[in-house]
Every structure is written in structure tokens, then in C-alpha cells.
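Take a look at the structures below.
The two complexes that follow have chain A in common; it is paired with chain B in the first and with chain C in the second.
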Partner chain A sequence: MTIHLSIVLWLPAVAGVLALAARRFAGWVTLAGSLLAFAYSVVLLIDFNASSGSLQYVTDEAWIEQLGIHYKLGVDGLNLALIVLTTFGFTACTLWAALERDVARTPQFFFWMGLAHSAVLGALFAQDLILFVLFFDLMLVPFFFLTLIWGPTPRPDRVRAILKLFIYTLVGSLLMLAGAIATGVLSLPNEATTFVLSDLERIAMDEGSQRWIFLCFAAAFLVKMPAFPVHGWMPDGYRNMPLPVLAVFSAVLSKVAAYGFLRVVMPLFPDAAAEFQMLALLIALASILYGSAMAFTTTETRLILGYSSVAQLGFITLGVFALDDAGDGAQGAILQSVNHGLVVLPAFFIVGLLAARAGSEDLRDMGGVAFRAPVLAGLFLIVALATLAMPGSANFVGEFMILFGVFDVKIVIAIVAFTGVVLASVYMLRMFIRSMHDRVGPSVDSRDIRVRDGLVLVPLVAAILFLALYPQLPLEKGEQTIPSRVQSARQVLAGEEIAVDPREAAAEAAEAEEEAERAREGEGREP
Partner chain B sequence: MTSVKTFAWLTLLFPLAGCIVNALGYRVLRGKAPGYVGTAVLFASFVSAVLMLFALQDLAAEERHVRAVAWDYMAVGGFDGQLALLIDPLSAFMTVTITGVSSLIHLYSVAYMGGDRGYARFFSYLNFFVFSMLLLILAGNFIFLIVGWAFVGAASYLLISFWFRRTTATAAGIKAFVINVLGDVGLVLGTFFIFRGTGTLDYLGAFEKAGEISGGDVTAGCILLLVGAFAKSAQIPLHTWLADAMEGPTPVSALIHAATMVTAGVYLIARMWPLFEESESAAAVGAIIGCLTLFVSATIGLVVTDLKRIIAYSTMSQIGYMVMAVSSGAYVAGIFHFYTHAFFKALLFMAAGSVIAAMAGVQDIDRMRGFRGAMPFTFGCFVIGGLSLAGVPPFAGFVSKDEVLAYVADRGDWHVALVVVGYITAFITALYTFRLIFRVFFGEPSPEARELEEGHLHHADVPRNPMTGEEEDTDVGFPGPEHHIAEREGPMKGAMGVLAFFAVFAGFLQIPNVTDALDTFMEPTFEGSRFHEELHPSDALTFGGLAIGAAFSLAGIAVAYLIWMRRPEIAAQVRERFRPLHTLFVNKWYADEALDRLFVRPAAWFGRFAQQTFERVVVNGLFVGGPVGLVRAGSAAVRSRQSGFLRAYAALMVVGLTGVVLWLLIRA
Partner chain C sequence: MKGPHIDWEALSPLVAVMGGAIVVLMAGLLRSRFVRESLVPFLTIVTLGAFAGLSIWQWDANVDLVSAALRVDAFAMYLNLLFAVAGIAAVLLSWRALAPRESAHGEYYSLLLFSVGGMAVLVGAQNTVTLFLGFELLSIPLYVLCATEMRRATSLESGLKYLVIGSVGSATLVYGLAMLYGATGSTDFSGMAAALSAEGDLPSDSLLLGGVAMVLVGLAFKASVAPFHQWTPDVYEGAPTPITTFMAVATKAAAFGVLLRMMDVALLPVADDWGAVLGALAIVSIVVGNVGALGQSSMKRLLAWSSVAQAGYLLAGVVVATRLGVRATLFYLAVYLVMNLAAFAVVLARERETSLGDHVDALAGLGWSRPWLAWPLTIAMLSLAGIPATGGFIGKVSLIEAAVEGGWTWLAIAIVLGSAASLAYYLRVLAVMWMRPGVETSSPVPALAGGSSELDPAEGPDPGPSDETAPPRRTRGHFEVTLVAVVAALATLAAGVYPDPLFDLVRDAGDSFRGLL
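Presenting the complex of A and B:
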């Protein structure tokens, strides 16, 4: 039992509250909170015992005992890398917002940023289904306000976009909440209700209930990603968010949805997951193709990135539902979530820099920006090549694992999905060339980045390069955990009896948890 | 063993270091400094490559497969991807050739790119390219083969689009990149098939288990590897990017599009021989496509009028010989031809660059004439390169091309037909090479040549894009204000001189019945290969082939002399007589149009459909319009009672939750 995770979880929110009082220094206070959370998460990453597949640094308090809802947090190989991505992304975007001098950001802005940070961390840490749902829904609240108040577009547009986003997520959230409650109620009809995930995992629910609860959760996650064809909120939402907010929204929030599939859906509803595998793979494939096609026809730079996210999330979904023997697809999906987050953050930042030089965010107004901006061009090039998953980037490793996972199981889908790989090179290079290269646009003022911009951009690019050299780091942290998340669904698919009695496995896992905790305390190591 | 590894890493890291220094130091390095840095690291890399080769030779023959591992790269689940190199005679020989030729091309560029405003960037890219190429060659597993493969594609994109404000250059760049990505996809999918059968990504492990892969998988895998090879080596039908790639500066064409990158496909097939020997049909595909390419591109080379594009098509054609050789089991012959070709083709491109500089950037041979007197050194180099390319004895290209054809002929059966095409093409090769030489260097000097004879290098008043005639300036992103010719620049002369020497004498590495140094050297790599042991052309085949080759190339030169020197009207008559054929050749056998119809237009149509129709009608209309309308109506009702939409949200939530709880209660 440790308090570490609670500290990491609430630090940013506390900093956000303090920011309300800090007035002029609001940005820096929130930044300090995010930075501390980031540092803490890096320590967790280093200290994390990768050879153990069980939860570590667990906090478990009964919260609403009558209903069996616990305040249970924990870290394992599944969420570790995403936690570091979250703290890193929020730190970068808070720094970016704090450095923006030409836009008025009141302390309130930073309060919402801090709250959003905590909410996302909560959704990732949560080991209780209700806690997960609450944090998952809480995540959106700050973004509503951030968009509504600080969006770059006229207010009526923002309101409309928010309304759209609301309706989509409302439907998803309600379905998910219903599914979560049903899971708790239906799982243990004769025992006390519990929502703790590790308890729920050891119960085999009947297939009929699994089926509809699966659909509830899937709807919520697919909307959040977004996946084709429920991405209708995305274009309006993306157009109307302030860039630093959009960057973190696109980089982090969509990953929580992919994570949700592996944390909740796969182990809890394995029969349904196996049954709907084909449907999910087809939705993922459609997202890849449709997202790519939209990305190479639109001229709005934000939407190129937006639709490329739809395509990339399609790859991630493909990996989640690959259900191959070795779990390569799922491991690739988590790696790819981290990678995509890391490339989207600098990409949106670059959109901001391009817009400042061309006077608009439309590709047609750009051209030749690289003329007097070699540093910007170089950094953008690295980001663009990583985004199109060029071999040598960690994005390629993720894609390779995902596609091999699918190839192993459904070869035709993998081959069609490769179209998305080719199309990615078309839309990213098109964006790079039409903004940076060709004749200098009439209203383009080509100038290189300032030191201030470099403070945000260079660490992000450095992170991309580091992972490109050593993707093994996130991979080996997840090796023990991630394949086991999809194991039961895979066994259902293969028609095998679920090998280990899940009850025993869960009991063993709990024992191992305690043991790991004891060992940690015995060694006197503090994360 | 350790020294082999150390030298291998050094060979690889020198160009990378040069790339980084030039990229980060673009403000600090003044004047020609980036050029000297870039060239120095390449020479250092060459020296360590040679030392690596000697260290490898010191090992016992059966130990000449050295694996050097840096760290685990993607070693989870079933994968065993490490950052690993494999040094064996094949990779060592290619490394030495590539670093050697590359350092000469760097040296040439020091002077040739002199006036360009992107000087440091150029050398940074050039170094990066060599690093990528060496990674491709030295990679010890499929992962880093793919990484090197893609890096080479990216470097080539960057260099083709080097003059990035030229729209023709950026268009050529994206074309090259996308076709290369298509090749990457082939390579990755091929790797999947092979990995599925062998369970390892490591070369040596996979080759050992090559026999265990199911027949369908090994054929599918090899054909997909060939897709990668075709894209990179500009073989039909993925060849259309190479001619456009001539938009890049000339040293780039020499380095990437002649000497090194485009031979990657040849290396790939030779490297994967244990797999290709398991699949008869995949090897046959390679041999036939290679043969087709060598013929088709030679016919195109005969009619186009752009100086660099003619040489580019000749490159495709020569690579066709190599691909045909390695796919037919004549591995050493294919590698031998790669080695001689690297020298004479780089030389030809350098000489062409010198002529283009004298024309102030113009590349159309219709406007060039009589440069012989004005540029004697360039002329001499061009002729040496041309004789070697045409396969005139005793130049390097003569020995290697005839070795290719003799070995392929020794396969017998239908391979003999390929050899016949090979000899016919040898005639066409001599024809187009000397068409070029006679038209550019002989005859009445053009105004530019005259100006040069009077001691003044031609200079255009307004720089223009040679393809479109658009006006340009000389700042970053366009060619610089000055041009440099070999006659006046020491570094260019030095580089071309060395290459000219090798274009003549490189063939002496392996002469039938005299020496088979290369064959012996390569033995450890191809040990156990069926074809490597079986194929031994008889003396009759070898010397008969040599005689036929010499006769065909000399005949080609004679015909060229007749047409373009003696009776210029013949060319027009022939063109009139075979109008449809000429149209076919000039339009490059309509390959661009075919790719456009098959892939580009459908993709563009799908994109437009998604953008203009589907998103509007289905996604926004059906999925958004419906629910939004519903909520609008609901919230309008609520609003009439002085409420905002946040309350509507809360209300809906309560209603929904109640419904769910009720339903659960009923069920329970």
C-alpha cells in the first residue's frame, strides 16, 4: 500500500487550484505541478519491476463500501508507458501555453489544464470500474470549458462544436456507465457487489450479458478515439480548440480509449470480444482507409492531423483486436499509442508555427516556409517521417508488431491495412511539401523558430529520436502484462478451454502483488 | 573478430557523424568547410571499410560471418530484433566499393556544389545517404535491412528535392518517396512470410531454416521481397521515379541513382539467395523482369533527349543485367557488374554534370554540340565511361557484362532467351551511348561551347528551370549562381581521374581463365549454394560470349557513327519509318500513364468521394444531423422553461440512468 500514485494523480489538479490564486504566474504554477508529476512518473518508469506481470504501487481503499466501489490505483505494464506519455504531454502543452505571450490566458485556463491532467491520470491509474468511468467522463469537462472560452473561432461555432462533442460523448458515456453498473451487478449475483477490476476479471459472465455490455463499452471507446463512422464530432471539435489544448487532447485522450479496451473490455468480456473481433477489425480497417483518404484531400492542417489520427487509431484498434498467439498486436498497439502521442504533440505545435508564418492554417496559403527556416524544417521533417511510420522510428516498430499480429490471424486484413502505410506517406509528405517547400507563398513570412519555441519543440523531437533508437524500453516494460490482457479472448477464439482457473490466477496475482510490495518495502527502495 | 566489428561500426558511424556535424554546424562551418568535413568522414569510412575487409580475410573461411550486436531493439514476444550487423564477404565487398565511390563523389561535390546556398545541407544529406546505404548493406537482420532500406529512400527523397523551391523537384521527390514506400511495404510483408516460417528475424537463423518454410510462403515472401527490390532498383513496373529523380543535383544522380542506392535490389537478391533457391518461380520472376527492364529502358535511352535521363535509363538497363544475373543464380557475376558499373556510371554522371555546368544548367542534348575542343578532360572521361558502358574490350564493363551473360546462359533452358535479349541490348547500349557522345561532343560547337573555347564559362542572365522554363533566383532552394566544370576544378578532376582509371582497369579483378579473385573471395557467403557450385560456363561459352559481346558493341558504335556523324538524315528517316515505335519509346512505354490510371486516380477519386460526398451526407447528415436535431428539439423544449443545455445534459443523464437501473431491477 503506497501513497505514491495518489500524489502523482492529484499533483496537477492541486497545482491547478493554486494557479487560480497565482494570477500572473498561474501558468508557471501549473507547469511546476505537471513537471513534478512528469518527474515522478519517470521515476516510476525506472523503478518499475518489468519482470513482474502484476500491479505495482497499489493503493486500495474502500470508497463506497455498500456498493463495493473502491478507490484502487495501480501501475502495471499496460498503463505505465501511457502514464509517462500523459505527464510528458501535459507538461509540454502547459509550457507551450505559459510561453504564449500574444494570447490572454487567465488563471482559469491553467486550472482546467491541471484538472484535465489529473483526470486523464485517474482514468489510467484506476483499477476500479466505477472509478475508471468517473475519471473517463471527468476528462471531458475541462476540455468543454477550454474550448468554449478560449477556442480560436467565433463563439457560435464553438458552441455548435461543443454541442456536437457533447452529444456524441453523452451517448457514449451513458452507455458505458450503464455497462459498468450492469457488470458489477450481474457478475456476482450471490455475493456482495464489487467493481474492483481484478475481482471482476476472475468471473466468467454469461455470454448474453457480455454481448450487450461489450457493445456499450465499445461505443464509448470508439467515439472517443474517434473511429469511422462515429468521428463526426472530430472536424468541428478540432477546428475549435485552442492549439495547446488540441495537442494534448489528440495526443492523450484518444489513447485512453484504446487503453480502455485492454484494461476493461478484453479481460472482462472475452467471449464477446472474440465474437465481435471481425466487426472491430473491419471498423479499424475502415478508419485507416477513410482517415487516410480524408487526410490527403483536406487542406486544413489541423484536420490533416485529425484524420491521420483517425487512421492511426485504426491501426491501434487493429492491434488490440488482433488476438494473435504471442500478443504482438496488443503490445504494438500500446507502443503505437505512445508513439502517436509523441508525434502529434509536436505536429500541432508546428501547425501553430506555420500559421504564424503564413497567416492562416490552410495549406493553400502556405508554401516555401523552409526558405529561411532550416531548423523548423529539420524538426518538422523528423516529425513528419516519424508520423508516417518510417522504418527506423518507433512508430514503425509499433506498426510492424500490430500488422504482424493481424497477419498471423487474418492475413487479408493485414494486407489491406498496408494500403494505409502507403497513404500515410502521401498525406504527411503532402503536408510537409506544400507547407515547407515549393514556391514561397504570397503572404508567407519565412523565419526560423525562436528559442522559446525550441524549448517546447526540441524536447518533443528528442523524445521521438530516443524511442526510435531504443523502442525496447517501453516494449520490455509491457512484455509481462499486455499479452495476458488479451489471453482469455484469444483462448475463446481458438476454442481452447480457458487454461487456468481465473479465480486461482487472480488469487495468485493478488498474492504476487503483496509479495512484490513486501519485497519493495524490505529493500527500502522508494520510487 | 573484434577488430572486424570495431571497423564495421566505425565505417557506419563516420558518415553519421559527418551528417550530424554538418546539420548542427550549418552556421559555424564557413565556406567550403562542410564539404571538407563531409569528404573527410567518407575517406575515413573508406579506410576503416578496407581495414574491416582485411580483418575479415584474416579469419578462417568458415568464420567469415561476423555478427556485431549493439543492443536489443524489438526483442519481445516472438520477435528477436536486435541492432545487429552482419559482416561477411558480400557485405564487406559492397561496403568497400560504396565508401570508395562515395568518397570520390563527395570530393567532386566539394567543387561542383561550390556556389550553392544550401552547401552544408547538401553535405549533411549526402553523408546521411551513405550512412543509410551502409546500414542497408551491413544490417544483420530483416529489421535493420528495412530500416536502412527506408532511410535510403528518405535520403534519396531529400536529395531529389534538394532544390526545394522548384515544384518539379518536389513533385519528383514525393513520387520517388511513395514508390519507395511501396517497396518498403513489399519488404515488410515479405519479411512477415519468412518470419512466420522461420520464427527469427536474424539473417543467419532465417537462412538456416529456409527449407522449413512452406512452399507457398517462401514463394510469396520472395516475390514480395522482389517488389521491394524492383522499387528501389527501378525495375519494371516500379521504375518511373528514376527518370524524374534526375531533378536532383548531378552528384546526387551519380551517387544515388547510379552507383549505390539503385543497386540495393541486386544486393537484396544476392543476400537472400538461400530463400530464392527454395523458390524456383520467384527467382524466375526476378530474372524475367530484369531482362524486360534491361531491354525496355535501353530503347527509351535511345530516343530521349535529356542528357541525365539518357544516363538514368542506361542505369536502369544495366541494373536489369544485374537483377537478371543474381536471380538466375549468377551471384558473383551480378555483384561484379555492380562493382564495375559503379565506377563507369559515376564517371559518366560526373562528366555529364560538367557539361551541364558549361551549359549553365541546360540538359537538353538538342542544344549541345561540339564540346570536344572546349572540354577535353570531360570529353576524355565521357569516352572512357562510354566505352566501358558499351562493353568494348578491355574496359571494365566488357568483362563484367559478358560474365553475367555467360553465367546466365549456363543455366540453359529458357535462360538462353534472356541472354539473347541481353546481347541485343548490348548493341542498343553502344548505340545510345555513342549517340550521346557524337551529339554532345562532336560537330559544330554550340554557342556555349564556343564561349567556353574563348575562355569564358556560359552564364544565363536569368536562371530558369530547365524543365519548365520558369524564372528562378539563386538563393536557398534553387541552384546557386555559379557553375563549375571539371577543367577548372581540382577536386572534380581528381575524382573523375580516379574513376576513369577504375572504369578501365576494374575488370581485371576477375578475368576468365586468368584470375577469379572475386569468386574465391565471395566463397564463404555463397557456400552451400546450388548455383554457385553448379554454374561454370565452359570455355566455349565464355570466349564465344566475349567475342559476340565485343562484336555487338563495336557494331553499335559503328552504326551510331554512321547515323549521327556520317549521314544525320538517317535518324529522321528511321524515326519517320517507325513512328509508332518511336512514340512508344518517347512516352516511356506509357508506364507513367498506366500507374496513374491504376493507382493514383482511383486513390484520388476515393479521397474526393470521402471528402465531398461521404463526410457531408453520411457522417454529418445521418450520424450528426439526426441526434443533433433530436437534442435540439429536446433542448428547445427545455429552453422554453428558461434552461440551458447543460441542464438538458443533466436531465438526460438522470432519465437514462433511471431507465438503466429500472431495467436492471427488472432483470434481477
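Presenting the complex of A and C:
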């Protein structure tokens, strides 16, 4: 039992509350909280024992005893990298916002940012199904207020757009809530109701219940991503969010959905996952093609990135549902989640810079920005090349692993999906060329970035370069855990009997967990 | 000389509230302004405090009173606490309101106390006669209270409408009770249960089924369950806001209390007969309430429709007829109480501060000008919508858990879909409240407005050309109204973050029903 995760989890929210009192320094207080959380998560990353596939730094308390809900947090190879991405992304965006004159003096903005940070971390840490759903739903509340109050578009549009976004995503989430409760109540009928994931994983539910519960969860996650047929909120939502908020929304929140598939759906509903594999793969494929096609037809830079996210999340879904023997697809999906988060953050920052130079966020008003801005051009080029998965970037590794996993299983789908890689270079290069080069736009004022811009942008690009050099880092940390998350679904698919008695396996896992904990405490290491 | 034994201890909460009602009525006859405007409300609060305290004292009593006509158990005492809280809040909200002034103070508060007494009788009732007695004692004072703003036509209309429709409900109820007596030969709840669980074809007897149906209809009127809800929006809108508040929360709790007692004790053996019907009513209520609330621009009407939808959610806990269901219902009733108190208190505050009444526009820009009102309403709306970290979320989780466990999964799905639909109107209120004023005119953000949690109207009125809708009638907010809003909102949050203590109370209360699984 450790308190470390609770500290990381609540630090940003506490900082957000303090920000309300800090008035003028609100931004810096919240930034300090986020930065501390980031530092803490990096220490966790370094201290994490990659050779053990079990949960580490576990906190487990009965929260609401009568409903069987636990406050259980834990870190394993699956969520570790995403946690670091989350703290990094929020730190960067808080810094960005703190430097913006528009919001810098409004403490409430930072209160909501801090709360959002904690909520996302909570969803990633949670090892109890209801706790997961709670944080997953809670994530949206801060974004509601951030968009409502500080969104860039005029008033009536904004209210309509945000109601659409909110209702769209919450319908899915609430269905998930019903599904989650049903999972807890139905899966262990002879025992007291529990929602702790490791207990629920012991026993597979009957197929009929699995099927409808799977659909509830899939609805929540696919909407959040967003995937092709349920992406309707995306253009409106993206247009109406302030840029720092949008960056973190796009970089982090969508990943929680992909993570949810691996954390909850695959181990708990393996039969249904195997049954609906083809459907999920087709949705992923449609997202890739549709997202790419839309990304190179729209001229709104935000939406280019938005549709590119749809395509990228399609790739990630593809990896999650590849269900190949080695688990390459799932590993690639997590790596690609981190990669995409890292490229989207600077990309939205650059959109802000471009808009400041061209006077609008529309591609048609841009052009020739690179003329007197070589640094900006250089940084943008790195981001663009990473986004289109240039060999040498970590994105290349991620996409490669995903496609590799799918090739193993469904070769036709992999071949079609491959066109998505090509299309990505089309829309990213188009965006780069039409904004940075091309004919100079009507009111473009080419100037290079200022130091304060560099303060945000350079670390973001550095993170991309770092991951390009060490893509093994997230892979190594996850290789013990991630493949095992999809194991039972893969076995169902292959028609194998699930090899080990799940009860025994769970008991073993629990023992290993305890042992790791004991070893940790014995060493007396403090992360 | 030896009279019948009277258990004064167990009877004490009821004695306190009834005695208090008479004292308040008498005190109200005095001419002194101080007595009428300050002492009378104060005495009312003292009475309700004593009522609550004695209820806590008698928590574990578990005795039958008055030859088994009334029962004092944790269930009744728990609901008494809710009535006391609702009553105290109503008194605070009424303190400087128009309604008591127009109805000579004493009568107003005394009627309020009699109504609370009626509720206490109702939820303790052990036979149909006491049930009806409590039912009427709760209703008749409310009919009068609705019409206390005598110079406002809508208030009179509201009182009259409530009287007419309420009487129809009462008549249906009493007819149903008579039929139940005819079928089972007993007025006792336990006697009915015994007769129903005996072998025979009684469970499918048409007299019994008719009785059950009519009782359900009668109680559904009071709980504003659709399709017996038509009076709700009009009455809520017309009645003085403090009374609306009291009606919305306390009457709902009383109606669900007696519904639970009736269904889960007296009619438990025929649960198969009424389960599906009640489930269908729940769905109708959820749909009708949520659809009706869309597009309402009067906050009181919006909350009225929302209360219809919430009644639908609450019914899920009754339908399942399990202990978990009773607990979930009782938990949700407490949460429902505090979140509605917060919402109505803010509506009332704006009614007094602006000339827009309870129109949603009265809330425009509230987040930036009056954070101490805006935050409670924000929390209340999020909680009503069932957003996490509020009591509403935990309440819905427990209702859904009860529904799924009882095998009513489709009811659980209906609850979540209803909640999703309800976002459309709850969030619109938030949008009105928090939309930064003057964005289009590009005026700077008000310096104070940074959402800082500070209530200091002295720091000057809203800067900038912001509140184009709200007229500049900025009176200083009434302290007690803000207090009710803030305390209720904090309680809502507490129930969402640390619900264990409330769950302990609810478990005790739920265990009063011994026949349940």
C-alpha cells in the first residue's frame, strides 16, 4: 500500500483549487502543481520494475463499502507511458495558457485545467471499474466550462456546439456506466458485488451479457476517440475550444478511450471482443480512410489536425483489435497513442502561431510564413514529418508494429490500412507547404517565434525527438503487460481453451503483486 | 385510576412537531412585529430542530404505537430527518419572503409544521387508516400554503389546482385502500401481507388488483409520477418559491416513503403483480419528465419537470423490492433533497434580486457577478444530471446497481438514457450562468470576476456593459438564502465524495423492512 499514486493524482487538482485563491499568479500555481506531477510521474517511470507484469504502487481502500466500490489505483506497463504523456501534455498546455494574455488572469481557467488533469490521471490510474467510469465522465466537466467560457467562437454557436459535444460523449459514457455496474453485479453472482478489475478478470461472464456490455463500452470509447460513424461532435467541438485546451483534449483524452479497450474491454469481455473483432477493424479502417480524406480536403487547420486524429485513432483501434499472437498490435497501439499525443501538442501550438501570423486559422489565408521564420519552419517540419510517420520517427515504429500485428491476422485489412500511411503524408505535407511556403497570403506577417513561444514549443519538439531516438522506452516498460491484456480474447479467437484456470492465474498474479510490493518495501526505495 | 399505556418517548417527535405547530399559531396572534417576523420563524426552527433531535433519539426504538397503528423505526426516523431539513430550509427561505407576511406569519409557519407532522404520521403508518390520516394532514396545509400569496393570481390558481387534483388523488387512494380491505379483510399492513401470502387465488383477485392499481395511482399523484404529474409544473410555478421548495423535496420524500412501506411490506407477496406496472410508470415518468423539461424557460417549471423525471429514477428502487432497492431509494431521496434545495434557493435569490422572476435569464452572467450563488446552482445542476463527484452520481449508481441486481436491466438502461437526455436542459442553465458577459463587445474580463470565491457585492456592481438582460436592481443578497444554497451544495458534494456515513444511515433504515431479501 503506497500513497504515491494518490499524491500524483490529486496534486494538480489541489493546485487548481489553490489557483482560485492565487488570483494573479493562478497560472503559475497550477503550472507548479502540474510540473510536480510530471516530475513525480517521470520518477515513477524510472523506478518502475519492467520485468514484472503486475500492478505496482497499488493503493486499495474500500471507498463505498455497501456498493462494493474500491479506491484502487495502480500502475503497470499499460498505463505508465500514458500517465507520463498526460502529465507532460497538461504541463505544456498549462504553461502555454499561463503565457496567453487572454486567460492568464482568470484563476478559474486554471482551476478547471487542474481538475481536468486530475480527472484524466484518475481514469488512467483507476483499477476499479466504477472508479474508472467516474473519472472518465468527470474528465468532461472541466472541458465543458473551459470551452463554454473561453471558446473562441461567438456565443450562440458555442452553446449549441458544446451541448452537442457533451451529450454525444456522455450518452456513450452513461451507457458505459450501466454496463460497468452490470459487469460487477453479474460476473460474480455468488459473491459480494465487487468492481475491482483484478477480481472481475478472474471469471469470464456468459456470452449474452458480454455482448451487450461490450457494445455499451465500445460506444463510450468510440465516441470519445472519435471513430468514423460517431465523430459528429468532433468538428463542432474542435472549432469551439480554446487552443491550449484543444491541444490537451486531442492529445490526451482520446487516448484514454483506446486505453479503456485494453484495460477493461479485452480482459473482461474476451468472447465479445473476438466476436466483434471484424466490426471493430472495419470501423477502424473506415476512420483511417475517412479521416485522411477529410484532412486533405478541409482548409481549417484545426480540423486538419482533428481529422488526422480520427485517422490516427483508427490506426490505434486497429492495433488494439489486431489480436495477433505476439501482441504486437496492442503494443503498437500504446506506443502510437503516446506518439500521437506528442505530435498533436506542438501541432496545435503551431496552429496558434500560424493564426497569429496570418490573421486566421484558414489555410487559404496562409502561405509564405517560413520566409522570415526559419526556426518555426524547422520545428514545424519536424512535427509534420513525425505526424506522417517518417522512418526514423517513433510514429513509424508505432504504425509499423500495428500493421505488422494486423498483417499476421487480416492481411487484406492491413493492405488497405497501409494507404492511410500514404494519405497521412499527403495531408501533413499539404498543410506544411500551404502555410509555410506557397504564395504569401494576403495579410501574412512572417516573423519568427519569440522566446516565450520557444519555451513551450521547444520542449514539445524535443520530446518527439527523444522518443524517435528511444522508442524502446515505452515498449520495454510495457512488453510484460500489454500482450497479456489481449491474451484471452486472442485465445477465444483462435478457438483455444483458455489455458490456465483463471482463478489460479489471478491468485498467482495477486501473489506476484504482493511480492513485488514486499521487495519494493524491503529495498526501501522511494520513487 | 389507570389509563392505557402511552409510550411518550417513542411518540415524542410527533408530539414535538404538533405541539410546536400550536405554539407557533398562538404566538402568531401577538401583535408585536418582532414576535411575528422573527420569533415565530425562530420558534418554528426550534420545533423542527427538536423534531429532528427526538427522531435521532428514537432511531433504534423499533416499537409499535397506538395499538400498532404507527411504527417508530429507523426508516421513519430517517425520513423524519429529511422532513426536518426540508422544513428548516423552507423556514429560512420564507423568512423575508412575501408569503408569510400576507398570511399573518403564525398561520403560515404553523401550517408548515402541521404538514411536517402529517408526513411523519404518513411514513410511520402501519395501517391504511393512519396512512390516509397522514396523507390528508400533509396535503391540506399545503393546499393552503400554495395560495398564501393572496394578491397574486397564479398563487391562488396554484393552490386551487393543487386542491382539486390532490383531492382526486386522495379519493382514488382511499377507494383503493377500501378495496384492499375488502380483498384481504385487514387494514393492517402486516395483516394484509399475511392474507396475501396465504395459499389461495387471492393474488389474482380482481378486487385486490383494482385496489392495488388505485392505491398506486393515488400515491403517484402525490409523488408526481407521470402520467399523474400534470399538476406539477403549474403548481410549482405558481406557489411561493419557499413552498415550492418544501413541496418538491419533502412531499416527494414522504410519498416515496409511504410507497416503499406499502409496496415492500403490505403488498410484498404480490410483487409480481405490481412490479411490471411500476416499472412501466418509471419509464413513462423518465421520458415525460425529460421531454417536458426541454425548452422550459421558467426555472421552477424546469425543476418541476425534472422532478417528474427524478421520480422515475426513484421508482426503480421501489420496483425491485429488495433491500438494496430500499437503500438506493432512501439514499437518492437525501441527495435529491439537498440538490433541489440548492437549486431552489438560488432561484429564489434571483427572484428577489431581479425583476425577471424565475426566468432563466435572471441567471445570466451569475457566475461572474455572484459566485456564491452560481457555484451552488452549478453543483446542483451537475448533480441532478448525475455527473461524478456529486451525490447525484452515487445515487444513480446505487439505483442502477439495485435495478440490475434485481433483474431489471432495462430499467437501468432507461435511467442512463434519461440522464443523458436531461443534460440538454441542465447544461443549458449552466451555459446561461457561466457564459462570460460581453464577449462580443470584447470588453475585458471583469477584474473581480475571475471566479474568485469571494462574495463581496460591495466591491461594486458588474463592470462593463455585461448584464444586458438583468436589470441593475442589485439589492444585497439575502444572507440566509445564500446560506441554504451553499450548505446544500456542500452536502451534495459530500454525498458524492464521501457517501459512507449516509450509506450507514440508509442501511439501518432499510433494515427496518424485515421481509426483504
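Side notes on the structure shown:
Definition applied: the second predicted complex is superposed on the first by the 523 of 527 C-alpha atoms of A that agree within 3 Å, B and C clash if a C-alpha of one lies under 4 Å from a C-alpha of the other, contacts with A are read in each partner's own complex, and residues count from 1 in each chain.
Note that a residue touches a chain if its C-beta (ideal position, glycine included) is under 8 Å from a C-beta of that chain, and two chains touch if they have at least 3 such contacts.
Computed from a predicted model, the values in this text were never measured in an experiment.
When the two structures are aligned on the shared chain, A:185 is found in touch with chain B and with chain C. In the overlay built on the shared chain, the residue A:145 is in contact with chain C alone; chain B does not reach it. Residue contacts after overlaying the shared chain place A:106 against chain C, while chain B stays out of touching range. When the two complexes are overlaid on their common chain A, residue A:25 makes contact with neither chain B nor chain C. Judged by the touch definition given at the top, the superposed model places A:167 against both chain B and chain C.
Residue contacts after overlaying the shared chain place A:67 against chain C, while chain B stays out of touching range. Applying the stated contact rule after C-alpha superposition, one finds that A:297 touches chain B and leaves chain C untouched.
Judged by the touch definition given at the top, the superposed model places A:177 against both chain B and chain C. Looking at the shared chain after the overlay, A:378 reaches chain B, while chain C stays out of its contact range.
Counted by residues of chain A touched, the larger count belongs to B, out of chain B and chain C. In the three-chain superposition model, chain A touches both chain B and chain C at residues 163, 166-167, 170-171, 174, 177-178, 181-182, 185-186. Residue ranges of chain C in contact with chain A, taken from their complex: 327, 367, 382, 386-389, 393-394, 396-398, 400-401, 404-405, 409, 412-413, 415-417, 419-421, 423-424, 427-428, 430-431, 434-436, 439-440, 445, 449-453, 499-500, 503, 507. On chain A, the positions that touch chain B within their shared complex are 163-164, 166-168, 170-171, 174, 177-178, 181-182, 185-186, 189, 229-233, 235, 289-290, 293-294, 296-298, 326-328, 331, 368, 370-372, 374, 378, 381, 385, 388, 390-392, 396-397, 400-401, 403-404, 407-408, 414-415, 418, 421-423, 425-426, 429-430, 433, 436-440, 470-472, 475-476, 478-479, 483.
On chain B, the positions that touch chain A within their shared complex are 23, 26, 71-79, 81, 121, 143, 146-147, 149-151, 154, 157-158, 161, 164-165, 167, 170, 173-174, 177-178, 181-182, 184-185, 188-189, 192, 195-196, 475-477, 603, 606-611, 614-615, 618-620, 623-624, 627-628, 631, 645, 649, 652-653, 656-657, 660-661, 664, 667-668. Put simply, chain A touches chain C in their complex at residues 20-21, 23, 26, 63-67, 69, 105-108, 111, 130, 133-135, 137-138, 141, 144-145, 148-150, 154-155, 159, 162-163, 166-167, 170-171, 174-175, 177-178, 181-182, 184-186, 193.
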